[in-house]
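Scrolling down, you'll hit the structures one after another.
Heads up, the next two complexes both have subunit A, just with different partners, subunit B and then subunit C.
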Partner chain A sequence: MKRFKEKILSFVDNHIHIIFPAPTIIALFVVVIFPIIYNIYMSFNKWRIGLGSPKFIGLQNYIDAFSDPRFWNGLKVMFFFSGLSLSLEIVLGLLIAVYLNKEFKGSSFVQTIYIFPFAATPVAIALIWRIMLNPQIGALNYFLSLIGLPPSLWISSAKTVILSLVLVDVWKWTPMITLIVLAGLKSLPKDPYEAAVIDGASIPQVFYHITLPLIQPVLFSALVLRSLDNLKEFDIIYTITQGGPGIASETLYLYSYKTAFSFFNCGYGSTLIIIVFLLVLIFNLIINKIRYKSEVL
Partner chain B sequence: MKIKLQKVLILTLVFVTFLSVTVLADINWRQFEGTEIRLLMNKHPFTTFIEPKIAEFEEKTGIKVVMEVFPEDQFRDKRLIELNAGGKVDGFMIMPGQAKLHYWTAGWLAPLEGFMTNPNLTNIKEWDLGDFFAGPMTGARIEGHQIGVVINAEASLLAYRKDLFEKFNVKVPETMEELEAAAKFFHKKVVDEKEMIGITLRGKAAAATSQFVDFLYTFGGSWTDSEGNANIASPESINAFDFYGKLLREYGPKGPTMYHWAESTSTFMDGTAAMIFDANVFKSLYENPEESKVAGKVGYTTIPAGPGGRLPHVSNWSLAVSGTATPECQKATWLFVQWATNKENELGALLSGVPAGRESAWTDPKFVSTDKTPDWTASSLKSFAIGQPQWNPPVLNVSEIRDIVGQVIVDSIDGKDVKVSAEQGAKIMDQKMEK
Partner chain C sequence: MKKNIIYKILFYIGVVILIIPPIFVFVWMIMIGLKTGVQNIEYPPLFIFKPTLDNFKAVFQQHNFLQYLINSFIIATSATFISLLIGLPAAYSIARYKQRKLSVAILVARMTPFVSYLLPWYILFRRLDLIDTFTAMITTHLIITLPMIIWLMIAFFEGVPRALEEAALIDGCARSETFLRITIPLSMNGIITSAIISFIFSWNQFLFSLILSGPKTRTVPVAVYNFMSYGKIDWAGIGAAATIIVFPVLVFAFFVRNKIVEGLTRGALKG
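So, the complex of A and B:
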């Protein structure tokens, strides 16, 4: 019995690099890796829930996607929404972080208030924004009327719906970028700034020639983090517009969700989500390459 | 001669007795005693009515009923996933116009005629199949098979502010031209210091197709042509899109393209709209004095006539027996369906506000004597009689096709070229339709 116990212990000792991470790897495989592999497999199949078994059709779903106008609409909406919201979030996040980095009376109070939108549950705030953006009863048109501006249709018009959603997204997520950049700013060395002041550099010069290059790696990390979520933005868009009016705010991610769970066309839905996955991957590879180059230089 | 007459009389008596015993005798309700059936139900006023009465059925039959109730969206997903997984589901609620083709093709719907005509399983005379409205019952039929029994017949009605129509002496619209004229008359009119909206309708893409279909038919259009191809770009269909879009764009609320039934009914209940065209079942909302400012001030009529006549759709919620259940559970579930849809229960449901599927319920003195909105009753009954059972496009992928048609409605409301949009929609519809 004793020898058996020793044998087990020595086996564990010798294979500790496999045994200890095993539970995590198994869990990861079941909840992450297997669904991804199954999704890729499903993207080569035609299958509507309930109507027979999945039927292998090779690349047909991918070919169909490229001739599907709704796919191109989804792609366009995705790039428009993400391009605009990510740029605004990065620029505003950086500027606000630089401002909050200065010590002033009540700065910690302002910082606390400022991160509220970021801390709130996306669906909850989206529900409130949906009411505020309603052109008939919403508060935003009331505010516009107070400053003498004409009412807007906000989310009810194809022309303004994406801008309205960008507004919500920027309001919600800019604080996250600010927090990351602020942490970066706090850790910057003081010497270059002192040298610049002695040399008589102006504030914009300090910002462009010292702060921006030094904070660049942090900004790239913030961009990567935010883009991962932003390119597959779901909760805010789904809660506020469900992709409407019509399909005017339907991103590719939302279209893939509807295809799988409203139209029950799981094969095609899987194809669309794989394409989103590839786009997010390519975007991040590009960002990482730019980041690597800028660091080398 | 006398003996012969006596013989005939005796024979007649024997025959009549035999007939009454076989036809009038009740079935053996306890033949499936001890069986357990599991039903998936939508959180619907009918479910609210029938759920407390289940004990009565269990006592009568000895069948144990497990009823699971979910809000509509969740209910649809749950039903689909459970049926696909092959779990124990013996019966469920279904809107045949939405899901029958998909569910029938998947084998999830048991044909009911075998049960309905079996004297051992159905009290044929008392249950009285002929008492159900023909339109909705036809809607619950596929390839000649009955796949559900109607618990709620639904049609869309034009509801209008009776008080304002009387005050301004406006004629209740009988035709589409009159409908537009009335909407125009009331739009932006200031009543009680409030600026009115002419008419409120659903404008939110797929959701709007549920009511738009009545305009489509009334203008002479259709979902598909005789060969099954998309027909939404026919001149008649384009006129319907054009008219519906114009009503909302020019005489509707602000931002109508995001209007689902909740937004539309709220606008009407708030007292800011002169008219609304939506499902008759929403009468319970309009007439609820705690939530509606227009309770007691609403008149009801059928859809106004157009170039194609007066052709509303009629849809329904039905109770279905699952095709995946065991034969014994199917029969036990049929007993439940038969009991839940008997004359007494359908009348009870109507009295609690569900537009029931049986004619006898609507003519019952208990209902007639307490009916506070006889124009709603008359318009609903008329719509059931003239209604088209084809509510949605006749395809497997109903939601996907509704989305495509919905985009044309949105384009029309936005004032885009309807012909171009409808032609584009028809092209995509032809590519995507699965039958």
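So, the complex of A and C:
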């Protein structure tokens, strides 16, 4: 009996690099790979949930997508929303981190507060923002009136709706960028700064010539991390506007969701999902390329 | 000296300005929950009022919120537990044997838009008659918790000194025993941290529950969202419900505050 146990143990030891990850590989296959393959298959079919069986139509769904104005609208909204929110979050996050990067009383309190916006349940927070953004009774218009500005229509107007959603996204995620950059700043070498002070460099000069190049890899990491979630932002947009007014804030991702689960058009929904997936993938590959290039230099 | 003090005061004013936006939204959330329905639609918004706990009572009594809290708790805990069970050995293997391909596969899982999982799952679970069951909810939540736990634990396992493991191996311990008796106990901090972060992510997850849950397994994010679709929007109820579901998250986040950023960046730094 004891020998049997030893035999098993030594078998496990010899194949540990296969046995240990095996359950995870199986789980990933079932919950990740199977759905992706299914989506690719479905994107070549025409099928509505509950109506007959899928019919193979080749590339027709993809051709349809490129002549679908709502597809192009979704693409436009997605790039506008993501481009604006990502850049604002990176710039603001960096500036706030540089500002907070010193020893002061309450520093750890500030850092704790900065965890809350991105840790808190997105749907709950988005609902509160929805109330605050209400043009009639919302707190934001009240604050605008306090500083003498005219009220805004916020999410009720096609013109301001994306900006309002960007505001919520920036509120939620800038603190995370700040914390990431802050951790990066703390680990930077001290010598270049001391040398710069001796040479009489000004604060903006130090920022441009020392901090920015040194912190660049961290900024790229933060950008990669944020873009993973930002391009497929769902909870905030779905909760606050559901893509409205009209389709003014309907990202491609949200459109793909609606196509599959509100219009039950599965084949076309899958096609849109595959396109979103490819866009996210390409975007990440590009950023990674830039990142490695900048690290080599 | 005087200049120094002025500089300090200005600095702190800046700090206060920087923490007002995050604090305000949470304070406002609680205030909405403590106002009556009528007070909530007054303009200009009321800042001073007599707080009422009626909304919090109503959330539990009329909307069956306790059930949703329990559902969310069961799903988040089970998904986290299963992820630890199968994710810890995988993370250990990746950390010790530098299995880069596997780590990339896990990153891809994290990158894939959630909607792309949803449709096949929905069709599959409908066929198996598993919509609105804990099986379906927990299985789907694994997609969030498993990659999360593996990513976090790779880093923690890499930090466990190999010398200790090797000493155990020389003493005749098998590798799998070394893992259980040496590596796991030494990584307890990391395991707790990643379990908490995984719990938070599962608790917050909205999209899967929106489609795959039903009256029996509804989770709190969907429950609070539904306050909007009962015809009339119940602002006060939303304030109270939001406060209730955000509270445990903030408590947990507070416990892992020093690790959460490190944990969240790990995926990006190594991608």
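Throughout what follows, the second predicted complex is superposed on the first by the 281 of 297 C-alpha atoms of A that agree within 3 Å, B and C clash if a C-alpha of one lies under 4 Å from a C-alpha of the other, contacts with A are read in each partner's own complex, and residues count from 1 in each chain.
In this section, a residue touches a chain if its C-beta (ideal position, glycine included) is under 8 Å from a C-beta of that chain, and two chains touch if they have at least 3 such contacts.
Since this is a predicted model, take the numbers as computed values, not measurements.
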| message | Touch test for A:Gln216: subunit B only (first), subunit C only (second), both, or neither? | response | neither
| So, A:Pro21: does it touch subunit B (first), subunit C (second), both, or neither? | second
| said: Applying the document's definition of touch, where does A:Pro135 land relative to subunit B and subunit C: first, second, both, or neither? | reply: first
| query | What is the contact status of A:Val31 with respect to subunit B (first) and subunit C (second): first, second, both, or neither? | reply | second
| query | So, A:Gln60: does it touch subunit B (first), subunit C (second), both, or neither? | reply | neither
| said: Quick check on the superposed pair: does A:Gly244 touch subunit B, subunit C, both, or neither? Answer first, second, both or neither. | reply: first
| query | Between subunit B (first) and subunit C (second), which does A:Asn101 come into contact with in this model arrangement: first, second, both, or neither? | reply | neither
| Per the overlay, which chain contacts more subunit A residues, subunit B or subunit C? | C
| task | In the overlay, answer first, second, both or neither for which of subunit B and subunit C A:Pro151 touches. | result | first
| field | Touching partner for A:Phe261 - first (subunit B), second (subunit C), both, neither | value | both
| note | Shared subunit A footprint, subunit B vs subunit C, residue numbers 49, 136, 261
| message | Show me the residue ranges of subunit A that touch subunit C in the complex, using the header's touch definition. | response | 9-10, 12-13, 16-17, 19-21, 23-25, 27-28, 31-32, 34-36, 38-39, 42, 49, 96, 99-100, 104, 106, 110-117, 119-125, 127-129, 131-132, 136-139, 142, 145, 171, 175-176, 179-180, 183, 221-222, 224-225, 228, 231-232, 234-235, 238-239, 253, 256-257, 260-261, 266, 269-270, 273-274, 276-277, 280-281, 284, 288
| task | Note which residues of subunit A are touching subunit B in the complex, please. | result | 48-51, 69-70, 134-136, 151, 153-158, 241, 244-248, 258-259, 261-265
| task | Provide the residue numbers of subunit C that touch subunit A in the complex, in ascending order. | result | 11-12, 14-15, 18-19, 21-23, 25-26, 28-29, 32, 40-45, 85-87, 89-90, 92-94, 97, 99, 102, 105-106, 108-123, 139-140, 142-143, 146, 150, 174-177, 179, 200, 203-204, 206-207, 211, 220-222, 224-225, 227-228, 235, 238-239, 241-242, 245-246, 249-250, 252-254, 257, 260-262, 264-265, 267-269, 271
| remark: subunit B contacts subunit A in the complex at 77, 80-81, 83-84, 102-103, 105-106, 108, 203-205, 253-258, 267, 396-397, 399-400, 403, 406-407, 410-411, 414, 424, 428, 434
